[in-house]
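In what comes next, chain A is part of two complexes: it sits with chain B in the first one and with chain C in the second one.
Take a look at the complex of A and B:
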């Protein structure tokens, strides 16, 4: 900001006044709860044992180290995030490249692609649980049995349940990758491809050496945004499996929720949520760094 | 939906209630209560129940007139019937009580949120008996002995608290002090397909071994008939509803001699192995996600030969509109476990008083609870209810003895009343589940372990050992 004299200074004060209600709401709805979360992660707050309430220091964080269920949840969070983001990216890019080949009517694909994104995740979870993946009556099971394969209890056995929640998340969010990458592909300069073709570069070489480097910023943005959302996924898994069977699909977010709101141990639940926050910030920090490093 | 305020004079008394609130002065109340008494006289019979019989209690039903209270309940038939007859409560007391329907999956959390924040939004709510230790540890609810023993508030000669089923009173009391008054509840009983059993010359199981062998003999998945089903869905009120009965019947004790909680004893392992073996061998696929409605639906569709669950599930399996097996159903008590014990659930929904209320609202809430738990209201929401659904989970021994009530129940099928009443009398066990303030965490941990071993995520021993470690951490704080 430059000092531009009294007139502008006055305007700045006025501007501050105008945005202050917004800032206040923002502080009340995001900053305060966040600060409260961090504060409570250093406390013993357990409704089941109110007589132990008080300052806990780092106890909650120390407990996490020896909590097998935390490490299990963390591992699942990693598997869930990496595989669902990878699938979204690969399938989204593949679809975008395919649709680019279609000369007219691309708009139709864009509209169809929006549909899963606008559905509430909890609706998506319930829809897959009751309509698609239910044993015996579900559409997926019906197709599998019609093709002559053994019926699979998708949400009722440990590994298929984890695969299912990854696929559900991929199904809902691949269109996002598809739309972003399609837009990016559409804006690529044609003359570079023309020149490559004259130099007799084949399709694969053109894709590796021209398309990919040119759409790298879009890819990184997709990876950043999708990773942040996948790390904090909740509603669809909650509705589809509730983290089960057993703890087979209990990612960190679900474990934090359960600790706080089912077990009523808000101190430890807060510590789990803070650890998820740190992980999410760390991962996105690294990805952002990757993006700017490549650019320079 | 069901406050059927028709052509009766009840709207007048409601209007008075509102005005009473506005003019809460002594003279105002005195002035306005006169027409209210007239209204009462005009409806001595009540719309759904005999108000004179309620008025025979030697208490002043109108002492909290003008109060407005909200009670959290679940959207189940037994509470919808109560909502319908609420107009009679308003006519009797001048109190405006409103039932707020909250799904069973959320009512516990909502109640805990309300109680812990001290807002007093719900004057009372349909409480899970397992939550009383938590409520009491936090002093969120009032002990009810002070209300029961106060002549101004309770005429026990009329109310007869002791008439309420003993097991239910036990489980809503802590250290002998009552904290909630049971309204509706159930016993778990064995339900089986009489036609299938007759054809195969099977008898309802007397022992756990027989239950397993009956399931084996009736099991015929080729013809879409599975041997047995029990609750498999993970939850303190789902698989951790059925497993404790098995655990206790195997001779399991939740606490050892030194008071330490033990969930991986040899009895616990045997009980869980029995459960896993039964369901893995004889239950339909997907049973690990089944709660009682799923079991009752499958039985009603004729695909399950036997199950053990709440007696109230008969409302589904014996309903000609929903079930294909009406007239082919038999009932029996829980089979005996290896220890010789039969252990039924003592599940019931009861009403506590929120400690954050004003004294006047507490009185109003207590009057509501007394009214809801009274014999008159129990009858009015059961066989005497004008709608299609009639409650079958009455809270009083005297109601279970009424011939009209028994006639309603006997229609469900063979041996229904005898199995249920014998269960209430002989098979209840207050220590059915571990009663601790930490129950929500302990119950969920056990539920996770039970489901993990059912689906093979962990062996029975590993799952219970992991639960034991986690529970030790929970209880340590």
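Take a look at the complex of A and C:
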């Protein structure tokens, strides 16, 4: 096609030279530890009882199948991911549609929406645990009591704790969905809407038949990206409830973490992490498949 | 007609009110943190919470220069985040260039591999890294922490940079080749100036993610390498009720991120949406 510079014989050679440091680093920093994780999931590695260490075969996985806490964590992972992604999408899309109608001042929404996104999740978890949700002194409790309701121990009782960690995650990441969808809406061609208006389609029909199909790629991207993050959410839950009370907000991610670093059972912790890895790759595979299959 | 105007006005007012409520919910925790950080610890525990009080800067002084100063942690975070960012950019730019613009055998699979590494749940890495770094003696070390941070920064940076590099018209490179430039010169003189904006966005994202990271920091760090996110967590668990000092420390740690966020707001949104708005992004 074009002549090659003397320094690099061919395009392929040059491409290989450019790409190999990156791939090498990825292989060493990601693939090797993952292989190690899979290996350790077939071992007994317990820093509290090192004399039992050794090859375990499928024992860890067999234990997992009969471990009620694992199934509970798996269920919570599903609830946490589906409900928080759903809420982010619905609120984010609703707000984006609202803001599109506002003639001036959109910049204010864009600026405010950036704030939760740039905060460290651990800070978000800590703020909600103390300033917002703490019984007695938290502002949410204050509002609830002012309105005449009973004080709720948001993070200290099981169901409110799960609801709280879902809402905290939703609070932090809805702005992401909002900003992506707002940008997508802003890039739509106006003439399509004009044509529909001439056809006397009402606002709801316009939304269902025109807007929604046009922004579907953006919606699917939001769902994919947010699902991946929700599946391995850690810092905010860890800071707010630590997975508790008991195991009430312990998603699989936290269970794998605690098994390894609190109970020091790294073998079983590895097996739990492998199961989360498989679930994450499976979910992303399905979502990516949906994206390509539906596009025509 | 007049009636229609007033319903339209009412509708707009409702929309604006609704949107403002959501706006308020997002901004409130931060505003409240600022308020609390200016209170004395005794004032924090007053019920009902007071809006009017004597403001004090003591919490900020304590957080920076007091007994549990976060200053060393801020420096640690700065070192780790900066080193991670520099390394990531150095490795990711050439890789992204190859993926976006060069012929490469198995490119599709290599691209898929890069994307897949980005999806690995961090807990699946922190466990083997703890065991490996423990054996190598790299726990609580800068080189260990920076290596681990490459696991999430590198795939992300490559992926983001590819989107920017794909947008450059072929003709620009062709022109450079006609001028007898070699591949490397074309990258250096033609491509890089064009993707300066994309590189800036990538730097912002990588730095932000490294600064805010917690799981690796808390488990693979220690007394030598204690990033600021861990310092804050320790703060609240040790000093249960010192909310005012926690708020002050958290605000100090987050102010750089908030400044970056607000000043680079446009670029960040562009980075978030680079795949989404183009109509699906990467195949």
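In the analysis below, the second predicted complex is superposed on the first by the 270 of 296 C-alpha atoms of A that agree within 3 Å, B and C clash if a C-alpha of one lies under 4 Å from a C-alpha of the other, contacts with A are read in each partner's own complex, and residues count from 1 in each chain.
In the analysis below, contacts are C-beta pairs under 8 Å (C-beta built on N, C-alpha and C of every residue); 3 or more make two chains touch, one makes a residue touch a chain.
Source: prediction; values computed, not measured.
**Q** Based on the superposed arrangement around chain A, label chain B with chain C as either clash or fit.
**A** In the arrangement built by aligning on chain A, the partners chain C and chain B fit side by side.
**Q** For A:136, select first, second, both or neither according to whether it touches chain B, chain C, the two together, or no partner.
**A** A:136: touches chain B and chain C.
**Q** State whether A:261 touches chain B only (first), chain C only (second), both chains, or neither.
**A** both
**Q** Touch check for A:232: first (chain B), second (chain C), both, or neither?
**A** A:232 contacts chain C only, not chain B.
**Q** Of chain B and chain C, which one touches more residues of chain A?
**A** C
**Q** Now for A:78: first (chain B), second (chain C), both, or neither, which partner does it touch?
**A** A:78 contacts neither chain B nor chain C.
**Q** With the two complexes superposed on chain A, say which partner A:280 touches: chain B (first), chain C (second), both, or neither.
**A** second
**Q** For the overlaid structures, how many degrees, to the nearest 10, lie between chain B and chain C at the C-alpha centre of chain A?
**A** Given the fit on chain A C-alpha atoms, the answer is 80 degrees.
**Q** Considering only the touch criterion stated at the top, classify A:22 as touching first (chain B), second (chain C), both, or neither.
**A** After superposition on chain A, A:22 lies in contact with chain C alone.
**Q** For the combined overlay, can you note the least CA distance between chain B and chain C, rounded to whole Å?
**A** 5
**Q** Both chain B and chain C touch chain A; at which residues?
**A** Correct list for chain A: 136, 261.
**Q** Can you list the residues on chain A that touch chain C in the complex?
**A** Within the complex, chain A touches chain C at residues 2-8, 11-12, 14-19, 21-23, 25-26, 29-31, 33-34, 36-37, 40, 45, 91, 95, 98-99, 101-102, 108-124, 126-132, 136-137, 139, 142, 146, 171, 175-176, 179-180, 183-184, 187, 217-218, 220-222, 228, 231-232, 234-235, 238-239, 253, 256-257, 260-261, 266, 269-270, 273-274, 276-277, 280-281, 284, 291-292, 295.
**Q** Hey, which residues of chain B end up touching chain A in the complex?
**A** So the residues of chain B touching chain A come out as 109, 112, 116, 134, 137-138, 234, 284-286, 288-289, 436-441, 444-445, 448-449, 451-458, 463, 466, 469-470, 473-474, 477.
**Q** Mind pulling up the chain A residues that touch chain B in the complex?
**A** My answer: residues 44, 46-52, 63, 67-69, 134-136, 151, 153, 155-158, 242, 244-248, 258, 261-265.
**Q** In their complex, what parts of chain C are in touch with chain A?
**A** Chain C residues touching chain A: 12, 15-16, 18-19, 22-23, 25-27, 29-30, 32-33, 36, 44-45, 47-49, 91-92, 94-95, 97-99, 102-105, 110, 113-114, 116-117, 119-132, 147-148, 150-151, 154-155, 158, 174, 177, 180-185, 187, 208, 211-215, 219, 229, 232-233, 236, 243, 246-247, 250, 253-254, 257-258, 260-262, 265, 268-270, 272-273, 275-277, 279-281, 283.
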